[in-house]
Every structure is written in C-alpha cells, then in structure tokens.
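What follows is a pair of complexes built around chain A, which joins chain B in one and chain C in the other.
== the complex of A and B ==
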C-alpha cells in the first residue's frame, strides 16, 4: 500500500464519513493535509510523516470515539450512550473489562430496580383492593393476618414501588453523568498509539 | 516511556505551548514531538477536543507564499485551565519525586 498524503486523507475521510458532521470532518481533514504540506516543506517524506502521525485507522478510531462520547453528553439518550460505549470498546482489550463490565452491571441493576418497582406498583393496589374485599367479608381466604394491616402494608408497597421507579430515574441520570466523565477520562488516557519512528 | 503516562500529560503540554504563543497545527505538533516521543497524529484529535470544550479557538492567518494557516489560540477558559492543570502537575510531580527519593521515610 502506498503511504502518501492522498491515501492517508482518503482512509481518514472514509472512516469518519457518516459519523462526524461535514464541517467537523472538513476541519479535521484540513489539519492533517496541512500537516502533510508543512512537513514536506520542511523536507520530510510522505512515508516519514505517515509513520510519525500514526495509522489513519487509529486516528479515525480516536476521533470517532471522541465525537460519540461528546454526542452522548450533549444529547442524552440510550442510543447515544450505547454507541459511545461500543466505540470505546474498540480502543483496546482493557476497555472490555473496565468499560463493558461496569456498563452491563449498571444496566442490569437499573433494570432490576425498575422491574421490582413496577411489580410493587402493580401488586400494591391489587393487594389494597383485596384487603378491602376481605374487610367486607367478600374474599375467600386471607392474604394478611388482618385486613386492616393489609391496607397499610399494601399502601406501603405501592409507595415504595413508586419511589423505586422515581429513584431509578435519578440514579440512571446520575450514572449517565458519571459514566460520561469516566469515558472522557478513559479516552484521554487509554487511546493513542506508540510512536512508530 | 509508558504510553498512558504520555497521553495523560499531553493535554497540559498543548495548553502550555499555546499559553506562550498562538501556533498553527504543524508548529505545535513539532514543538511537542521534539521533546516527547508520541505519535503526532494524536495531537490533532486532542486539539479538536479542546476546541469542543471551549479551551481553544482557531483563526486563519495568511502565510508568506502559501495558503492561509489555521492558528490555535487559548480562550479565557483555556488560560484558567492551563493555570490550574499546571499547578496540579507541579504539586503532583513534587510529591511523586519526594516518594521516589524516599525523603518522607528519611524524615521519620
């Protein structure tokens, strides 16, 4: 493969197209092509410049991750954070352990709290109605020792279910913010390729 | 040297160079790679991020006989950030050096 300016820019462009908005893409391309131009004015060859820049694939990967994390920060959504995490995984094996594992654990935990919350908010009112039926002597068997206690307990269950769902929402927001900060720190430290020269 | 070390200090290096003078990309990259052995390609993404974060802005300036060059300049926020990171770095290095030289143990 020919290691010259055109090829470098071509690879960079093809890897970044579709992810970065056009103006940002052109901004970056102009940086790298200026680098080649200046380098050659200073008597360096295409090959030297290529290897001191590091492979265009690596550079593109880093820029992509950076952009996706920034996007997830500015526009919070499940889709965006998912894309950012997946892109970060591409940066190295380290991140499988230190990004993917915590991410999955967090998602599972948040989902579990949500599911339990929903179950409580469904079960609570049902139990409340049942207790009333029991008080009125309409139910066949008792689920509570005393139907009056049942009214209090089912109210408690409903309330804690609702609190869990609300709390889960704030917890998710909190972890989203912390997660973004962690990803930013992570790409600041982890990425980068050893200088080939 | 360990790549993680270098990557971590790259930001403060870029901010420091820009605190002294505005630079165009190639100039900045040469300034840094003269002293730190790092792939030059990683400095541009960093510049891009600093620009996103509002620490750095760019402007075009004519050059003699060539196309206009893109200069990078610290913003007010960037200057503040540079001061803070520099102070933190100096303290950090002093503490690490003290540990490495075993001064703390000798004092006890």
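== the complex of A and C ==
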C-alpha cells in the first residue's frame, strides 16, 4: 500500500464520512493536509509523516469516538450515549470490561428501578381499592392483615412508586453526566490525549 | 457554537418548571416523600395495634396474608376399627360443602380453603365403643378485631359412604351445600343462621334417618329421592314454598306413594325468612 498524502487523506475521509458533519470533516482533512504540506517543506517524506501521525484508520477511529462523545454530551439521548459507548469499544478490547460491562450494569439497574416503580404505581391503587373491598366484606380473599392499615400502606406503595420513577429519571441524568466524563477519561488514557473534540 | 437545546434538557426544563398550583418539582418530591413516610408509619402502626403483625424469623414482616386459599389444608380422619361415625361441623362464616366420596378407610376428609392460616378449624376426634366422633369447629380470629375483617372460609368435607353417619352441620352465616345421596345417614341436623342452604338427598340408598333442618334467613332447597319413603314436616315463616313431585297435606309433605307402615325418613324443617323449594327427583 502506498503511504503518501493522498492515500492518507482518502482513507481518513472515507472512514469519517457519514459520521462527522461536512464542515467539520473538511476542517480535519484540511488540518492533516496542512500537516503533510508543512512536513514536506521541512524535508520529511510521506512515509515519515504517515508514521508520525499514526495509521489513518486509528486516527479516524479516535476522531469518530471523540465526535460521538461530544455529540452525546451536547445532545443527551439514549441513542447518542449508546453510539458513543459502542464507538469507544472500538478503541480497545479491554473496553469491553471497562466500558461495556459498567454501561450494561447501569442500564439494567436503571431499568429495574423504573420497572419496580411502575409496578408499585400500578399495584398501589389496586391494593387501595382492594382494601376498600375487603373493608366492605366484598373481597373473595383477605390479602391484607388489616384493611384499614392496607389503605395507608397502599398509599405509601403508590407514592414510593412515583418517587422511584422520578428518582430514576434524576439518577439517569446523573449517570449520564458521569458516564460522559468517564468516556472522555477513557479515551484520554487510551489515546494519550485530552478529549476536547 | 450554540448547540440546539437537547431534548432531554427540554424535558428536564419542563419537569423542573412544572408548577402545579404553585408547587415546584422539588415540592412535589418532598410531598411524595412525606406522604410515603406518613402512610407507612400509620399503616404499620395500625397493623401493630390490631395485633396481627408479628414479624419474626419464621414470619416475614409483611402486611399481606400468607394466603392458604390456593393450597387447601386437607385432613383425613381414619375410621380405624369403628363401624359408625358422627361428624359435627361448626362454621362461623363461610361456605361449607359436604358430600360423600371420602377415602374407603376414612370417616371424613376435610379440605379447608382459608384466606388466613390462623383461621384453620380445630379438629377433635373421640371414640366411644364402635363409634367415632369428629368435631370440626372454626376457632375464629385470635387477634383483636379492630381493623381486621373476616373473609369467607371455604370448607369441603367428604364423609364416609361405608358406615352410618350422624351428620350435624351448623353455619352462622354463609352458604351450605350438602350432597348426601351417597351417604348412609343415621341422622342429619342442619342449622344455618343466614345464607342459602341446598340439600340434595337424591339417589339415597342408605337406611332410614331423621333430619332436622333450621334455616334462619335465606333460601332453602331440598331435593329428595322420589322413590324414597320420606315425610317432611314444615314450620315456615316468611317466604314462598314451591314443590315438585311432592304431595302436600297441611304442613306435611310426603313423597308420592308414601307408606307410614314402612321405614320412614323423617325431615323436620324450620324456616325463618326465605323461600323453600322442595323437589322429589
């Protein structure tokens, strides 16, 4: 494979097209072209410049990750953080352990809290109605030890369900922020640079 | 760069700016926390006061009953060497069904569907010569009744078809269903305070018996075998009496072809309020 400027720029462009906005992509391509131009003016060969920059595949991968993390930071959504996490996995196999596992655990935890909250919010009013039926002697089964106590406890169950859902929302926001910072730190450690794309 | 306001931030702004009659989201959360704490405290205090709540290593600290409704507690009383039996059933409130089809070596087999384990009935047995007596009694709720409400029990009792049986069924409130055609009755006493009573003695092939039926408030249905030699003496309060295949003479009802010279099944009915339906099938 030829290791010249054109080939480097071609690979870089092909790897980043579709991920980065056109203007940002052109800026990056321009930067790298300029780097080659200046290097050659200083008497360095294409091969030397290629080696010093690193392979265009690796560079494209890092730029893509940094862009997706920045995008997830600016525009908070499940899709963006998912793309950022998946892109980060491409930086190294060990990220399966250091990024994917914590990410899955967090998602499962938040999902469980949400599901339990919804169940409580649905079960609470049903149990409230049932305690009224039990109090009136209209229920087939006595599920409550005491139906009057059941009125209060079912109210508590309902409100705690609502609190879980609300708490889950804020918890998700908190972990989103922490997750972005962690991804940036992770990228910084792997690439040896500060992630400030 | 001034990025467009992300969706999540818009949602957050919306949630945070919720103003329900002057309540911010923080206030809503604080109110929910307060309601939750107060509700649980009051609820569990009431449970503790009612005497029902006994958390221990064996019993989970749950405000719910460990229901036995779906897994009946079945008890079998063997005949042993006895050749006759007396079965007495006393239930405060609930539904009771009595029929034959007990295991061959058993005087009685009882399945108790109770919503509360502590409401399981007491079963006492005694033997007097060749006769065995079983007493099945609802012991009631042992805790304080301030807040606890009884939910209906359901008992299903199967009685021996191989030995003569004195059957005594007493229900305070609830429905009773007695399918006794396959039994060999020595005597029958049925007493129901409030509720419907249905007694089916069709296809009866046992010995002659005497029966006393008291029904306070509720409907009574009695089906007897049309080929049996049965006489019914009726004391009736308020309500209709309908008959089918029965011959009426004043307050006495007999099966067609009744012969007082033959062994007679004597049934005395005292009905308070409610309709009576007599059928000879």
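Methods note: the second predicted complex is superposed on the first by the 191 of 197 C-alpha atoms of A that agree within 3 Å, B and C clash if a C-alpha of one lies under 4 Å from a C-alpha of the other, contacts with A are read in each partner's own complex, and residues count from 1 in each chain.
As a working rule, contacts are C-beta pairs under 8 Å (C-beta built on N, C-alpha and C of every residue); 3 or more make two chains touch, one makes a residue touch a chain.
Just so it is clear, the model here is predicted, and its values are computed rather than measured.
Look at chain A after the overlay: chain B and chain C fit there side by side.
In the superposition on chain A, A:135 makes contact with chain C only, not with chain B. In the superposed pair of complexes, A:169 makes contact with chain C only, with no contact to chain B. Panel annotation: after superposition on the shared chain A, the angle at the CA centre of chain A between chain B and chain C (CA centres) reads 150 degrees, nearest 10. When the shared chain is aligned, no partner comes close enough to touch A:115: not chain B, not chain C. With both structures placed on the common chain, the touch criterion links A:126 to neither chain B nor chain C.
In the superposed model, A:96 lies in contact with neither chain B nor chain C.
In the superposed model, A:39 lies in contact with chain B only, and not with chain C.
Applying the stated contact rule after C-alpha superposition, one finds that A:152 touches chain C and leaves chain B untouched. Taking all C-alpha atoms of chain B against all those of chain C in the superposed arrangement, the shortest distance found is 8 Å.
Of all residues in chain A, those touching chain C in their complex are 74-77, 134-135, 137, 139-153, 155-156, 159-160, 162-163, 166, 169, 173, 176.
Taken in their complex, chain B has these residues touching chain A: 3-4, 6-8, 10-11, 24-26, 29, 33, 37-42, 44-45, 47-49, 52, 66-67, 69-70. Residue ranges of chain C in contact with chain A, taken from their complex: 3-4, 6-9, 12, 15, 25, 28-29, 32-33, 35-37, 39-40, 42-44, 46-47, 50, 52-53, 63-65, 67, 69, 115-116, 147-152.
Contact residues of chain A toward chain B in the complex are 24, 27-28, 30-32, 34-35, 37-39, 41, 52-56, 58-59, 62-63, 66, 70, 188-196.
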